[in-house]
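Letters A, B and C mark the chains as written, and numbering starts fresh at 1 in each.
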């Protein structure tokens, strides 16, 4: 399988292997991915490589994407739901250059979607792979810094500590205050950090048709949720899991039931709420091009 | 009445390792028995080993020679000299009571609870144990204002009355009395004499040390002169 | 001469809760503890005394299965009545045992508490670990146990970092007792505390042990602590038990030279 992207000699640019990583590395990562798929939610160690970007910019996600990408794939990259932010543009450009794959911003058209901090609003299908960039894969770390101990806790499914964290939230705030990176139990076994997506997106992971892969480059861990796997957000009987609710629709497209970002408009307290998923927002704007009336809120 | 306590050729000495291993003889050849409902008093000059005999029976002192058979209510016989710690501990809870001269004060526990504890340990309810404790403390004329205070700050006589109440509250079949009247006034001495008489009537076997001649004469059914037991041979 | 010796009276529970035999632990060629056998019955408080380096903490850790012995075995009678060899149990089973039927009170409360979460969460952790998922009930239990250890319930949401040494130690005890363990290991529970704080803690432990019928293995170098809390005592020196018996027997009539030295060194107040 020689997918080397031929680069014209006259470009005098360095010749990269297809999708940047060498084949041995991709094999190693694919083996880790296979294991991760076989044990949903389990963090598989892998030999994370140096990438031409700093840690924290998605080195884990990029390595996973590089390992699953084929020449016929169509790639979409989002950062906080947006296709047009620096990180998303840079990673998209990276694979355009090193793999020469087609790219898109339209969720339905993509076969591989690399994401930071969001799951697209458009329902994902069986032919798609969602690749998450993960900063800290260990959900137990907040309370138990010893890796040896947290691994043992995963091994023995000792997850009481996870609820200690939720208990603390309720004790301090009256409700479970975690709004992102909200811990989930995968397939009734492993507790997993879904990466810093808003808890609004948690229900989308449950019984999802697409394959979900998670890569943490600095931490050298890969984990996965195979299609149609149960993903349950942790909670208490008397404080059940709830997603964020927005009182107003998106100020640009008028959609309800989607995740909104707050946009500050001026320094007098003016702000509006718009879809965080830019692709979804653009394709849900009224046909006549008139934007709905933006919702302005005065500062209290 | 059946024998409750039978000592046969009991002996004891101390080896003082910190003083070059010198052996200090205490007593040997102690043999006597006590029946239920009997109060036997150990007599003899001080330093002769009377307290040591009580302590060996209670298990505070190890026994070097002989045996100390205790007849339990269940009919079982237990040799205190060779019994393990757990057996002696159980024996103390059920069968073998001890009233010492000095109260070993436990911080923060009220006089009432100090007295009630042995009864509660036998399974009585907390309320019942405290009710009986209050009765006894009243009988022994301990001012009610003191009942809820820890006895650490009490006078010697007050502490001793707490200790007596604690020793008499249960229905142990055997009671060891180590000078229970030593620092009491005449009125409270009379109360203790009454308590002893009641225990006798209830069939309790008692072994005591009373330096007070008047009390001794009233309570003793028999006096055993400890001087008749020989000291350890190597001291002779 | 022992022909009259009988088994203990019927009134007491006759099966030991914990039984160790031939327990030995080497550190390289140094002896931690050697050939130690003991039994502990329900409701019994056993003090292991000795000075630093005598092997008492090694023994405690072997008994509590925190340290694997070089030789020997430790058996425990589980709640269902079966007797299990601790070191033949799976680690998962052992860890469940440790956080349900056992407690472990460390000398330094920092070793036994989660300092970054509230007192209530510290107490509730074991409940959540065994599956409690009702916040209100967990909090109610936590309040109950804070009261039992004399911590004002309005401190329930405070971090243990804001607590004094004595309070931390009481919190650690509450955290251990919330699952109603039958056996608690204590390693110098009053070490490092002021004398007045120590007295209060000792009294609290004494009451809890009596009220709850706990079996306790207590390691201490302080004979006064052993006198106040324990029924039975073992004196260790050089990794072996040199003397054992009823606590007041050992203190009133110590026989071994070392025990006599220890007892004669108690400060009289």
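Here is the rule we use: a residue touches a chain if its C-beta (ideal position, glycine included) is under 8 Å from a C-beta of that chain, and two chains touch if they have at least 3 such contacts.
None of the values given here were measured: they were computed from a predicted structure.
Arrangement of the chains shown, judged by which pairs touch: a linear chain-to-chain path with two open ends. The chain with its CA mean position farthest from that of subunit C is A. One inter-chain figure worth recording: subunit B and subunit C are separated by 31 Å, centre to centre, where each centre is the mean of the chain's CA atoms. Our note on geometry: subunit A versus subunit C, Cα centroid distance of 48 Å, whole angstroms. The geometric centre of subunit A is 77 Å away from that of subunit B, both derived from CA atoms.
Across the interface of their complex, subunit A is touched by residues 91-92, 95, 114, 116-118, 120-121, 124-130, 133-136, 138-139, 156-157 of subunit C.
Subunit C meets subunit B in the complex at residues 1-2, 4-12, 41, 44, 199-200, 202-203, 206, 210, 228, 231-232, 244-246, 248-249, 252-253, 255-257, 260-261, 264.
Subunit A meets subunit C in the complex at residues 143, 152, 156, 158, 160-161, 163-165, 167-168, 170-172, 235-239. Residues 14-18, 55, 59-62, 66-67, 69, 72, 74, 76-79, 82-83, 85-91, 94-95, 106-109, 121 of subunit B are the ones touching subunit C in the complex.
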